[in-house]
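The structure follows.
The chains carry the letters A, B, C and D, assigned in the order they are written, with residues numbered from 1 in each.
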Amino acid sequence: MTKSFSLSVADVSKSFGPTRAVIDVSLDFRAGEIHGLIGENGSGKSTLLSMIAGIHTRDKGQMFKGGQPYDPVSPAHANEQGVSMVVQELGLVDGLTVAENIFLGKTDQFANRGVINLRKMHRAAEEAFAAWGISQVPLDVFASSLTVEEKKLVELVRALSTDPDVLILDEITAAFSHNNRTALYKLLAKLKAQGKLILFVSHNLPEALQLCDRLTVLKDGEKVDTLDSKGLTEDELKRLMVGREIKETYFYTPAKNENAEPVLVADGITVDGVLHNVSFELRRGEVLGLGGLSDSGIHELGKVLFGLTRADQGQVIFADTGERIDSLRKAINSGIAYVPKDRDTEALMVRATIEDNLCLPSVDAFVGPLGFLSPRKRKKFAGEQLEAFEIKASGIRQAVNQLSGGNRQKVSLASWLSRPNKIIILDSPTRGVDVGITANIYKLIAEVKQQGIGIILISDELPELIGCSDRILIMKNGAVARIFERAEGFSENSIVEVMI
Amino acid sequence: MKNRKLSWEHIIPFAGLVCLILLFTVLVGDKFWRPYNLKSILNQTVLYMFGGLGLIFVIAQGSIDLSQGAVLALSATISAILVNKYGLWLIFPSAILLGALFGLLNGVIISKLKVPSVTCTLAFSIAYRGLLPVFTRGGPIYVPFKLFDLYNFENMFPVLVLLTIIFGYLFEYTKVGYFSKAIGENEIKARNSGVPVEKMKIIAYVLCGIMAGIAGVFTLSRVGGVDVSIGNFFELEVMLAIFTGGVPVTGGMSTRIYRLFIGALTIGVLVNGLTLYGVSAALAEGVKGLMLIGLVFLAARFTAGKRAVTA
Amino acid sequence: MKRLSICLLLVLLLSANVLAADYKIGFNNALSGVYCLDILENFAVYGAEALGVDLMVVNDEGTIEKSISNVENMIASGVDGIVYFGLSDATFAIVAKMCADARVPLVLYDHLPTPDTLAHLRNNPYFAGAVGEDDYDAGYPIGEFAAATGAKTAVLVTGNRGDTTHEARVKGFTEAFEGAGGKVLDIAWAATGGRAEALKKSEDLLVAYPDVDVVYTTSGEPAVATMEVLQKYADLGIQYYVTDLDPPILEGLQEGKISAANGAHWINSGLAVALLHNFLEGNPIKDANGQAPVFHVPIIVLEAGQYKAYEEQWLNNMPFTPEEIRNLSVKYNPAASAESFETLLANYSVEQRIMDKFEAGIITEEDLERYGF
Amino acid sequence: MGDTHPMLQRFGKRRMQQVLVLAGLLLVFLIIHFATNFRFLTGRNMGIIVSHAVIPTFITWGLIFSFTSGMIDLSIGSIVVLASNFAGILGLKFGYVGLILGGLVAGVLLQALNGFVFLKTKIPPWVAGLGMAMIYESIGAVYSTAAVRSGGMVVSLGSQLRGLGQLPFNVLMLVPGLIAVYILFCRTSIGLNVRAVGSDLRVTKEMGIDPNRAKFLSMLVCGVFIGLGSAINQSYVGQLLPRTGLTTVSTIFQPLTAVLIASSMGAIFNVVIGVVIGTISLSALFNALTLLGVPSGTWQEVVLGMLVIAVTIVSMRGEEGVVK
């Protein structure tokens, strides 16, 4: 244990029930480095970091900070010892103001006999934003009124407000726009120069390679290796992550007919303050990628197309019947399926069985005379889907919340894809899903496309869009910025230019 | 259903009932087992079973109906007035229709206008109870003596069986029940999957109202007429039965209709047994409360791994 | 030898009957915790003890369905007879039917059946009669009296809307008062919420009608509340009348906050037990027409000066001695008949009771003086 | 960002809507004033209205702590009954100090017990509260029966210690109460933490707040205000009779309505002040209806029920989330 290690973990393990999330991991981190953690979903990155940040307690092993034993019992306790973390999920309390969020649990510093001085608290928050060069967010509004990106900024300020020696960032950049990313890189460089340790998780491998000094690869809860990032390539990293070389993760096959007739037409869709005059066509048997920054309106557009959000102006036409899709009912009757981004809260009944989840969208297929909903048919159907989508579970009667994230996503996809669709809208289908299952999902998309179904793929990740789409529609500030045709050859640079 | 294991979650409500029966067999002796007493227990619980057959749809959706007692009272009262005017044949049609109407009002306001079910049904409960004296005009309303015969074991048991078959089928084997449970699990997922959520909510409240109406007719035949206190706290007793039977408070897929019957019988046996044993109503209520907490706690504890319990 | 053994057996049977509490009688309290209902229960217990019978008391908790369930439970637990308080007249026919089916005699107390219901009940061989007051008669004399003082306007504060007791008292007062040319301006119905609600409602009412002449409250809980509110408006010079003699009302009477109050009809519960006891002893009491009797208990008007007498001789001691109650039953008094009940009730007034007690040596001359006789 | 932010624009719209609601309310009161021959907005009548609102206000203040963390507790009515009686018993022994202390001790202890049961058993408070209400009612009734058996009644203050429940003291209690509850709810870590827990449990946990501790503390604070409300209540009514049969459950209706009214004006007023406006509006409503000659026990209740639904519909307009 040399002095230069500001933080180290030794033989740390953690299990959740039968799942061994982290197995005997030992790592040494140096002060003044940006240390990246790379691995598939479920490889144990977040769990390991949560233990360091005091969110979880470890089952066994030891941790040291500055040569001393380090045993945080709570996040607050970790903060006191100079460790703070920005978690992967959204980490703000919607019902509190921004300022309250920044200092929640640490308000005693502004309190006089237990009463918090709001003015003092606001001033401290303003100073923090300014000091770290982060663009200011209004302080007295509720966090619920912020965009995802703004929320992440506030979380970052919150983490920095304790002036930590160790800053843990779990997939923070995904939500950031280009300029905030740049600001963050600058900030991290500054912190590094101050001799602080930054633990950085990202699925964006180029970013990780560029930003981090060293990278640790985890796989199935175990450490694979720690490497200097200099000279490393993405493919090498990927090989380490999955234990095999993945060169082609995408399963793009050209659309059967380049100029197929449209199946869905969006005409001048406007939702006040969110979408402006969005028009495009979706063709039979193509994948139309929808890309843009997180507040560009791509997710909102998906909801409009499915009839979840009503457009203030403009219309969505289902081309086969000429019907106007202005309600969920019409969308579903027209054979449109929608896989929402927020898996656990919108796409699944997490406490219910796999069977119930799989059967719900297709329930009409099981109805017999007198409205009899055959349990036998349901069971058979669920069993078939379980197999077809290779969902790893003990059986169809297992509760969904006992499954891993990837398998949950499979259940979600299976429940929608297993019914007769004409159009499928996928919102961030690989979000929070590991590489193996991601590949699986890409393969599925390619297969579905071959059936002549029109697919709209909404994604924050450019490589995914490039890898899967026939055309990519890039949105900016709620309007269509440009539609790229595959024939032109997608270039990441030109697309990013349009996006930002 | 091969691999459905017999878990504690299923056993505890039954175990509670069996324990109580054993306890009272010891304490009260043969009085408890006399046919008259067994019939009495059923007589005292059957109304709550009726109410529960409707309420369980609402509870499965994760909502609540606190107006069932008031709906029972108002539909019974108006029906009694109509019956006295136009003849006994009208009793079921009018009570069912009125119950359905009140349920419809609940359902529309809750689903279309997004008023939380607690608020809406509580407010209607107060309003309907306020309307009651307008109809009773200060005195009781009598029903024809003929109606008294409705409330005996021989007539009621077949009705209970019939209604259980109808509602049980609806709840366990049709889209109405399946969708209701899906709404209780995750309303957003249900809506996205094509479940007509608003329609299902309205249906659930209409069913709830219909059962309140039917329970109202039987209440009339049981108490002999209308008094303003009719149906007081009916909804709480029904809820008590459902939750004591182990139905999760948040509703969802594990809501089962048999639990209603177990719960209602448990409460019925408890109250009857304590009364026979000579325990005052005051103490009996405390025991009821303890048992509710105890049974819900045990049932939730043994399923905590599978089902998130929200505190 | 044979004859002797039969005689012995009979004596044994009879003595067994005399020694043990021979009967178990079911009694329902409509809502425990309400003074005017609990005092009914108390007197029933007192009467049962005097007669040597067991009383099984159940609590209907103010709901009509529970009162029916409780009748079932009482029958199931093997009572020999039931003394029943009907929350509503509607329940009488059905309870009588249940009792007849179970061959258990029934006496109604406090709430008297309406003529129609009574006619129906009298066809039932297990209906043994009723003892209660006419609630209309509680309100009527007060209305009359108030109008006679020259009052022109009145407001009423009462219990739950639709409760037959209060509706009848309100009706009695209104008809008497308006019949004499007065006008009832408004009625505050305070639901079972009790005193807190009555406090608010009566205060709102007095703000609405500050120049009213008379306030009449039909039952104990709202009466106490209204009395307190009226104190704040003492400057208005409002006359205050009350039915039900709860302890705070007695104090109010004494302090002159209340013009007059009536009540004390709660002896009906004990008399009902005695009536049932006669039936069980094989002496079903019949009225002059040979039918199941209905005894009306007079509602005693208590003047301010009689406060002490009521407190000591009704509340602290029971108004009737155990002997007096035993005299009503054939078991202790072979001559017990409808007349015994009627005589007792005819003499039920403050003066008469006090004098009777004096003659019986229960109270002394000093007491008499203290009571102002 | 700033003013052009779409969410902020919506927020502004909402605020405008709520100003209109409030203006409408004032207008209605003014119309009532004219319709009742100017008897409504008089000093004496306003005093009565406010004084009728004092006890519900204290109870609702307590309840915003437990409501905020999602605990609708049906047992508060029965707690008020027990706490009032305990306040009365101590009051008769130790005067006003005993009265207030009795209410506080009973309120805090019973809420602590509730908190323990809710948090330890993890039964949804909705159901656990129902069970606790039955147990508390039972305790009250047993006490009452025992008192009647021994020849008396439950504790009655008679004419003693009645000042706290009367004008002007009860209304004066509102001022320190308002300040205390505002500070506790908005400006201390107890309030902050419980608001955080109520809004997002997971995140709050990750931010290092122990949610159970926060909830338990908030239940204790709730107990303080319910206890104070009970002490005032005992002083106001003099005697409170315990009853069984879940009669106390309906006590929650008025606080619930007040919270609804408060939240429908959430963009203009802090919820703590909104609660006062809510309870006073309700008290004014009954007063006005009586002045207008609307019969009590029937149509007044109907108007109340309809009003609650109307207010909720207005406050829920534009709500897109799941409503249960």
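The working rule: a residue touches a chain if its C-beta (ideal position, glycine included) is under 8 Å from a C-beta of that chain, and two chains touch if they have at least 3 such contacts.
Computed from a predicted model, the values in this text were never measured in an experiment.
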item	value
Winner on C-beta contact pairs when A-B is weighed against B-D	B-D
Chain whose mean Cα position lies farthest from chain D	A
Cα-centroid distance, chain A relative to chain B, in whole angstrom	44
Where chain A and chain C are represented by their mean Cα positions, the distance between them in whole Å	74
Distance between chain centroids, defined by C-alpha means - chain B, chain D (Å)	29
Distance from chain D to chain C - Cα centre to Cα centre, in angstrom	38
Two or more partner chains touched - positions in chain A	none
Chain C, residues touching no fewer than two other chains	32, 59, 61-63, 160-162, 189
Residue list for chain D, restricted to those that touch at least two other chains	141, 144-145, 244-245, 247, 297-298
Graph class of chain-chain contacts, one of line, ring, star, complete, other	other
Chains that touch, pairwise	A-B, A-D, B-C, B-D, C-D
For the chain D and chain A complex, residues of the former touching the latter	1-2, 5-11, 183, 187-189, 192-193, 195-196, 198-200, 202-204, 206-210
Residue ranges of chain C in contact with chain D within the complex	31-35, 38, 42, 59, 61-63, 66, 160-162, 186-196, 199-201, 203-205, 207-208, 221, 224-225, 228, 247-248, 251
Residue ranges of chain B in contact with chain A within the complex	1, 3-4, 173-179, 181-182, 185-186, 188-196, 252-253, 305-308
Footprint of chain D on chain B - complex, ascending	61-63, 109-110, 113-120, 122-134, 187-188, 232-233, 236, 239-240, 243, 249-250, 280-290, 292-293, 296-297, 300-301, 304, 309-311
Contact set on chain A toward chain B in their complex	17, 306, 308, 328-329, 332, 338, 340, 345-353, 356, 360-361, 363, 367, 371-373, 375, 395, 397, 399, 401-402, 415
